[in-house]
Structures are given as structure tokens and as C-alpha cells.
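What follows is subunit A paired twice: with subunit B in the first complex and subunit C in the second.
The block that comes next holds the complex of A and B.
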């Protein structure tokens, strides 16, 4: 308790730290938001809850790391991971996902859970279980007497995440395929009747999701560290963010990602860093409670 | 998993073949040891380091004439199973080694957690186990009679950094009780031991612990703690969180431009902080069980430096990196078995257990002498400082080859 109070008083004593926390949180949240966006897409369009989401992220990270180790500029790893993971996503869709898509919830959960284990183990066998990261030789910008630090590498990562997210959102709004995806999400049967090849839409969506995750992973390896078994962290965050934002609310996913990032950092400061994730999960509980209350009200008014 | 098991069976089968060949030449019989070790899963890298250490030692002992028990000679041969880095799997495999393969002597698995899972099994069947990779002190307060560890327990890993900080503060005209300590460790048995050791030593000097936090297991971000470090300005920062903790700490300390006079972490070598982060890792203190520059030696492996050279010759994949201490201590564990068998003069496992308990052995890895509880009390932990990309021993002072760079930055 004393520690919590002294932590709060530190925040009041040095107000500038608040700004730093928010900036840190947004930079973290931006990366989680990317994979959460992909999850929301697959969940909304195909009703597949992809438990291998985080492992796609880590796989993308390893692709970028391997390229960087072989002399490719780390920033080029992002598009490379996007493309390679697109292919892998397509393969996984053809091999596994297209068989479980029409089945009930548990079949797809089990299938993607199995995928998660397989991907992690394959990465482990190929790359070993050491933690890896790419160090970019960019300096760090300091503001406000050095209290606020913005590593240019991180800034670049957030910028690329923004560009990617903007690209995907525009594509969904304007692109012909984007429209088909949205139509399929609304009503797959009606979309089929109207001549949309839903199988193609599904495989495109799943590949796109894998590609987004791959690009996110290529950014993660530049700002944090990766290890074959860290996928679950990203999977959990994605689920928390998507649930908090509400299904079908794609722009909301991005906002929720940033918000959860910032809130977690506050939680870490006040309650200790060990409780950083607890804050995210508590938030999820709160959102679910509120949602249930809201829905009750809606039902009542219908009756 | 079945396939992997097949592979390890095949591997041990091949080993058997090889040792059978040399047995004909030297008239040495096989002496079977068993080990469940992590060949897949999150501890796979270190599990393989340990296995290579076992195999290298077995080879060296064979070249030196095998294990002489009475007037017969034996060569070690190990049955390995892959525990997938999971405790329950490790315990099952230990049962299998003992019941189905009728193994009478065990070598340890990798990590404190796996050792904790397997020790009750070996204890139940009264199978002596010499382990080299489980450092948590919680292994040695359960009254286990058949468990022996060649390495120093984990609360000693970074405690010497506190002593070093006290010395430095006295040199600079202050008193040790003015030193402010910040501790950030992961929430697992190993790291919590490190924290306990540091806090105990800090209390001894009456130092003030200004930050004491636990890092979450699965998040590689500690910017919140480092911001606090900037605000409260401690004199010593201690971080322990395996490879991930080391990599995250070194990267973010540099990014956030955190200036602390002394920073001590674990797992520097495993995370290859020098290779990954270059100058950012300079002047950081790293704890190690063993270093090839130490002046220990024995008649099988020679000096620590010779061990490093010969191991690299036998395992070329280590050519461009340092031989990890995990490998050295695994070799030392096999050496303890050889020494104990020869002193016992019999294959009776109870006699062998008693011989192990009485071990007092000088090795390339350091002195080995077990306490009542089974941990090695004769070998100190060593602190190395990264100086211009080189790991130089700076503490304890009896082994120091270089002076400490202090304060950092």
C-alpha cells in the first residue's frame, strides 16, 4: 500500500512522467493493435477465433531477424515478412482452416490451438530457443530533461504500423476485395447469392491477417525481443483488445489497442510492473460486464 | 514427440554401439546413466548445452582409461529422453528411466523447475542424482538425500554485487548504508532466489531498497521500472529475468538513457548482449558460475582454458562463441560420478551415494564439496564486467583479473 501511495506521489511530483507514460503506452499499444486488427478481421469475416495469432507475429519476427542476420536492412524485413507470411497464411488456410470454417466453435479453436503449438515448435527447431532481437543503429530523441525518450527505432516502428493500418483500412473501404470481405462478414450466404466467391474471400482474409501479423512481428523484433514461445503474449493481447473494442468495430480496435497500452503503463507505474497485465485483463472484465448490462437493456426494450 | 523420442533412442543406440566397440579394445563395460533433458521446448538451447557437456565429459573420461571400479573398467553411457521442457513430462520420464530402463544413477535435467519435478522421483527410488543445472535453493531445503548439485545456488548469483557496491561506497568516502538498491526480478523460483540473496546482503549493510518489483514472465518491456529508476536514482540496479530479462534490460537502459553507477544482471552470455547491443552493454556486471579464464584445473580436463579449447574442437558449432558455463558444469557432474564410483569401488548405489556425499574434488570447474543438503559449498560465484565487449572477471577479488569500471558511464 505504501509503495502504491509513493508511486502515485511520484507521478504528482514529476508531472512530466505522465506524458512519458502515455507516449510509451501508445507506442506499445500500436503494435498490439496491429495483430488485434487482423484477429478482428478473421473473427468477423470467418468466425474463426485464431489462437495462433501471436505465433504468426513471432514467425514474422523470425523472418525479419533471419534476413537482417543475412545482411538485409532491418526495415526491409517488414515488407518481406508481410509477403512471406501472406504465403504461409494462404498455405495454412488451404491446409487447415478451410476445413474447419463451417464447423462449430470448438473445432476451429482446437485447430488453431494446434497450429499455435506446431508453429512455435517449428520456430524452436529452426532458430533455437534463444531470445533474439535486431538492434537498429538509430539514436534516441530526448525531451524534457531526458525524462521523455523516444527511440527513433520505436518511432519508425509505430510509423510503419500506422501506414500499414491506414492502408488496410482504406483497402477495406475502397478496394473491390475489401467490399467483398465486408459483404461476406455481414451475411455470407447473401454474399454468395450475389456472386461473391466466399471461399476466395476467406482465403484472402486469412492470408491478409497472417501478413499483417508478420509485418507486426518484423516491427516487434526491432523494438523488443522475440522467442519461439512468446506468441501467447500477443495472442492474449489481441483477444483482450478485440473484445474490448467490440466485434465488428474495426477502427475501434486500433483505439482500444492504444488505450490499453497507455492504461497498462499506468497500472505498471502505480501497482508495480508485475501487475501490468493484470490491468489489461481487469479492463477486459470491466468491458464485458458493461457490455452484458447494455445488452440486457437492449433486450428489455425489444420485449 | 514420438519421433523425437525415436531420435534420442537412436542416438543412445549409436552411443551404445560406439562404446561397445571401444569396450572390445579396452575391455571396459558400459555403465548406464539416465537423464531426462530438454531437447525441445523453451529450454531446448540450454538443454542441448548440458547434453553436450555430458557427452564431452564421457568421451574425455573414456580417453583417460574409463572408470576403474575394483579391477574392472567401465565407460559411461547415458540414456536420454526429451522432457519437452515440461515438469510433469520430466517426472514421468524419470519413472520410466528407473522402472523400465532400470537406470541406477541419474544425471540432472536443465533448469531448477525440471530438477524440482524429478528430484521427488529419484528420492522415492533412492537413485543418486548429480545435477548441474538446477540452482534454486528451494531444492536444498527439502531434506533430499540423493540429490547433489555441482553449481552454486542462485541466491549467490548477484549478492556479490552488493558487497562490491559497499566496497566502492567506502572507497569514495561514504558509508555502505547510504547505498540505495533497486531490484527488478522475474516472478519465478530462480529469480526470486536471486532477489532473496540480494535483499539479505543489502540488509547486512543496512542499505535502503528503493525499488523492489517483479517483472511479468511474458512481457519484454520494463520501461515503467526504468522510469522509476530515473526518478529515485539508486546506486545499484539488479535485474534478473533469464535471457529475455537481460536483453530487455540492456536495450531499454540504453534507450531511456538510465544512469546507475552499478548495474548487475544474469544471463548476459545466453542473451549475447555484447553481440546484440554492442557498446550499450559496456560496464554491466554479469554473474557466472564459471569462466574459462579462472585458474582451476584437474587431471582429466586440464585447466579451464584447456577445457574451452578442447570442447570447441570437439563441437565446432561453438567455435565463434564462448563455451557456456551450463556445458562446463554438466561435464563436472559426470566427473563427480567417475570420482565417486572409483572411491566407492562398487556399483552398489547406496555406497555410491555415500561416496558422492563425501566428494572433495578439485576440477577445472572449481572445487566441489557438498553440504549436508547436497549443494556445492566450495565454489564461489564470479562476477564479470563487460569491458569494451570483453567479459573480464572483477569479483570476488581473489580471482579478479581486471579492475572494476565504476561508476558506470
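The block that comes next holds the complex of A and C.
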């Protein structure tokens, strides 16, 4: 308790520390927003709630880590993870997801939970359960008398996340397939009547989601650490962000992603690093509670 | 008559199992644990349509409450949980059995009350949000407890071993689990036939219409969940004494182990049926133990595959399949020959 109070008083005494925490949080939050965008995409288009989202992120991270260990430049790991995870996502869609689209939501939730267990365990068997990261030998920038340190590697990560997000969003707005995806999300039956092959759209969407997650994971391994069993926390973060922002609300997803990143850093600073996972989960409960209260006002339930 | 013989055989096997299979006493006790949590999950998941992924919360909480009560009767908890080997805490026989009895009952009662509190908050959520919300409760509880130094922190709690012959202890724990399981089964069997059972089935089928018919849905949902939580809490309390030592993340709040297994058991056996959870738990436990023994390292992958296959390809479970093949076992009358041959 004293520890917590002294941590809070430190924040009040040195306002510059707040700035550092917020910057750190935003740099991590950009990656959360990326995987949350993928979740919102799959959720909105196919009505599948993917609990294996975080495990896609971790799998992408391990692909980049393995390539970097074998001498490939770490920045090339991002497109490589994108491509490999695209293929894995397609395989998973064909084997499992295409059979749960029409079914009730709990089925898809459990099926993807099973997938999450499989992916995490396979990664554990191949790569072991140690935490891994790629150290990039770029310098670190210092601001405000060294209070704020911004490693260039992290800046690069945020930059790549932005480029990727901008690319995907442009594709969704302009590309022919992107238009088909949006049409399917609006009304799958009408889209089918108008000659859109919805099965193809679904498989494309799910593969794209896996690829986005993979690329995000390849960035995560450069700016943070990965471990086979960290996936579930990433999934929960994605759910927090999407639940807070709502489906199809792109600015909301970005804002919520950055906000969650910052809040989590605050939680880790105030309560200690041991509470980081707990803070992520408690944020989920908080967001759900707020949403329930909002829905109660219009006499509806969150479903 | 046949039915009576069947039940008599089951009762005989339940009572005699630890003597017929003396090497598998702990295994059989674990099997009963799976049956208990599966039936308890089905009470809300199958019969009421509220698929919780966080029922493991009550298992872990039951463990902790039972252990803390048993310790608090003779000793100071903070000192006990943080003691090193220099000080030895010895439980007398009375302290052990009194602690176990009060602790296990207290665990059930505490879990039932906490289900009311959590349910009051989370029953505003429906479908997948309820599943994720309850999963969040279970994960958060595990993380918070593992940072709670007074209750042992990440190391968990050690309880005293059974004071007499250890084999006798194994038999006792088997009968405790089996007794709880039989009581829960009979309770569920009675409950599903009452007005209460009809009401929670109505909530599953259409909650808005049930509410319009005058069923106070929140009250029914809370009651059903707290009954289910009571039994899971009792099972957790017994587990605490059976396992002797437990720690928060891997044993007590084991979200991805038992927390998901109980759901898979029910799905495998058949959701919303009386026998489904029992059959599913038995088959799942057999599958788990076989893979554990023969697939070194890959057993978890095999379990994940089993989950996916069950959910995706086998959605009605074994009971659903049996109902299709042998409807007369379930009291469904089928017209023997609906098409008369033209000759007659």
C-alpha cells in the first residue's frame, strides 16, 4: 500500500514522468490497435469472435525472431511474418473457421479457444518457454534531461504499424476486394445475390486478419518481449479495445488502442510490474461494466 | 426392472471402485471432480444458456477459502503462509478434521455468495460477452491472488497431509468427491423436473419472452449460478486438502486447464442433458489420461485438437447422437413404420 502511494506521489511530483509513461504506452498501444483492428474486421464481417488473435500475434513474433536468429535483417521479418501468417490463417479458415461461421457465437469462441491452446503449445514445443526478443542496435533518443528515452527501434515499430494500418485501410476503401468485404459485412445475403463469392471474402478476411496480427507480432518482438503463453493477454486486450470502441469504428479502435496502452503502463507503474496482466483484464471488466450500464439505460443487454 | 438393475450396478461400482482398482484411487477421485464441475457447468451453460468460461473462479476461490479457514482456526494466516522451514506448524487431528469440514462447507457458501455478487454485475452481458467477461473474472482473480502476500502470493499454500495412513486418506477423498458428485447429480435430476428447471430452460430458449411471461429472470439466473457455484466451491475445497500444496495460477485458477475442460466435457457428452456431462467427463478424462501417458509433450496439442473437433464437428455430443440413433431410450416414441407397404 505504501509502495502504491509513493508511486502515485512520484507521478505528482515529477509531471515529466507522466509524459514518459504516456509515450511508452502509446508506442505499445499502436500495436494493440493493429491486432484489435484485425479482430474487429473478422468480428464485423464473419461474426466470429477470434480468441486465437493474441496467439497469431505471438506466432508472427516467433517467425520474425527465428528469421532474425538465422541472419535475416529484423525489419524484413515484418513482411515475412505477414506472408507466412497469411498462409496459416488461410489453412485455419479452411479447416475450422469455415465450419463455425453459421453457428452460434459460443461455438466460434470455444473453437478459437481450442486453436489458441494448440498454437501456444506448438510454439512452446518448438521454441521453448523462455521470453524472447530481438535487440536492434539503433541508438536511443533522450529528451528533457534524460527523463524521456525513446529508442529509435520503438519509433520504427510505430512507423511500420502506421504504414501497415494505412495500407490496410486504403485497401478496404479503394480495393475491389475491400469493397466486397465491406458489402459482405453490411449484408451477406444481399452481397451473395449481387454475385459476390462470400466464401472467398470470408477466407480472404480471415487470412488478412492473421497476416495483420503476424506483422504486429513481428513488431512486438522488436519493441517488447514474446513468450508462447502471452497470447491470451493480447487476445483480451483486443477484446477490450473492440468492446470499448464498437464495431466498424476505426478512429475509436485507434483511440482505444492507444488509451489501453497508456493505461496499462500507468497500472504497471503504480501497482508494480507483477500486476500488468491483471490490469489488462481488469480494464476488460471495467469496459464491459460501463457498456452494460450504457445499454441498461436504453433497456437492452450487451449481446 | 432393467433400469433398477442399472442403477444398482452404478451404486455398487461407485462404492466399490477404490477397492476394485486400488492403484487408481486418486485418478477416480479426479474423475469425480470432473463430473462435479461438468454437471455444475451444465446447470447454467446447458440448461440456462449462459456459457460461462469462468466457472474455474469458484474452484480456485473454494480452494483458497477452505485452506484459509482451516489455517485460521488454529494459527495466524499471515505468519503461516510466509513461514520458512525454521518454524513448524503442527495440526492436531481435531484441528485437521474440523478445519477440513468447516473449510469445505465455508468454501461452498462463500462461492455461492460470490456468484450472487459477480452474477449481479455480469448477467447484464449476453452470449459471448458473458463468456469473455467471466473468463476475465477468473484470470483477474488468479493474477490478483498471486500478488496477495498474506495468502501465500505466487508460492501458494501448503496444507497438512492426512494424519493417518495415506492410502486411507486417498479412499476418504474419493468418497468425499463421489458423495458430492452423487448429491449434485440427484439434486440436478430433481431440479430439472421442477418449475425452476422449466424457468431456466425458458430463459435459455428466449429470455425476452420469458421475462414477458412474468419470470423474474435475474433472480432465476442468480439462483441457478449460485447453486452451481456452491458445488464447484465444495469440489475446490476438497481438492485443496487432497492436493496438499497448491499455487494460484497453475492449480487454483487454472483457466486453460480445468476451466476449459469442464466446458469440453459437457459439449462432448451433450449440452443440456442430465447424463451428458457425466458421460462426457468420463470419456474426456480417459482420453486425457491416455494422451498424457503416451504422447509425451504433445498431449496439450492433442487436447486442443479434441476441443476443436468436438466443438466443430460434434456439436450435439454423444447424448445428442444417441438421441438420434436410439430415441426410445429417451422416452421419445417413434412411429415404427410410417409408410405402409402398398400390398397391405
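To be clear about the criterion, the second predicted complex is superposed on the first by the 255 of 303 C-alpha atoms of A that agree within 3 Å, B and C clash if a C-alpha of one lies under 4 Å from a C-alpha of the other, contacts with A are read in each partner's own complex, and residues count from 1 in each chain.
What we mean here is this: a residue touches a chain if its C-beta (ideal position, glycine included) is under 8 Å from a C-beta of that chain, and two chains touch if they have at least 3 such contacts.
Only a predicted model underlies this, so the values are computations on that prediction, with no experimental measurement involved.
> Just checking: does A:284 make contact with subunit B only, subunit C only, both, or neither of them? Give me first, second, both or neither.
Only subunit C; A:284 stays clear of subunit B.
> Could you say whether A:227 touches subunit B, subunit C, both of them, or neither, answering first, second, both or neither?
First partner only, subunit B.
> Is A:274 contacted by the first partner subunit B, the second partner subunit C, both or neither?
both
> For A:20, select first, second, both or neither according to whether it touches subunit B, subunit C, the two together, or no partner.
First partner only.
> Contacts for A:140 in the overlay, against subunit B (first) and subunit C (second): which applies, first, second, both or neither?
The first partner, subunit B, only.
> For A:121, using the defined touch cut-off, is the partner it touches subunit B, subunit C, both, or neither? Pick first, second, both or neither.
both
> In the superposed view, which residues of subunit A touch subunit B and also subunit C?
121, 124-125, 232, 272, 274, 277
> Considering only the defined contacts, which subunit A positions touch subunit B in the complex?
7, 10, 14, 17, 20-21, 24, 28, 121, 124-125, 128-133, 135, 140, 142, 146-147, 149, 151, 154, 224-225, 227-230, 232-233, 265, 268-269, 272-274, 276-277
> Would you tell me which residues of subunit C are touching subunit A in their complex?
Residues in contact with subunit A: 51, 53, 121-122, 124-129, 131-133, 136-137, 139-140, 143-144, 146-147, 255-256, 260, 263-264, 267, 297-298, 300-301, 303-308, 311-313, 315.
> Which residues of subunit B touch subunit A in their complex?
40-46, 184, 187, 213-216, 218-225, 227-228, 230-232, 243-244, 247-248, 251, 254-257, 270-272, 276-278, 280
> Considering only the defined contacts, which subunit A positions touch subunit C in the complex?
49, 96, 99-100, 103-107, 109-111, 113-115, 117-118, 121-122, 124-125, 232, 236, 239, 243, 272, 274-275, 277-278, 281-282, 284-285, 288-289, 292, 295-296, 301-303
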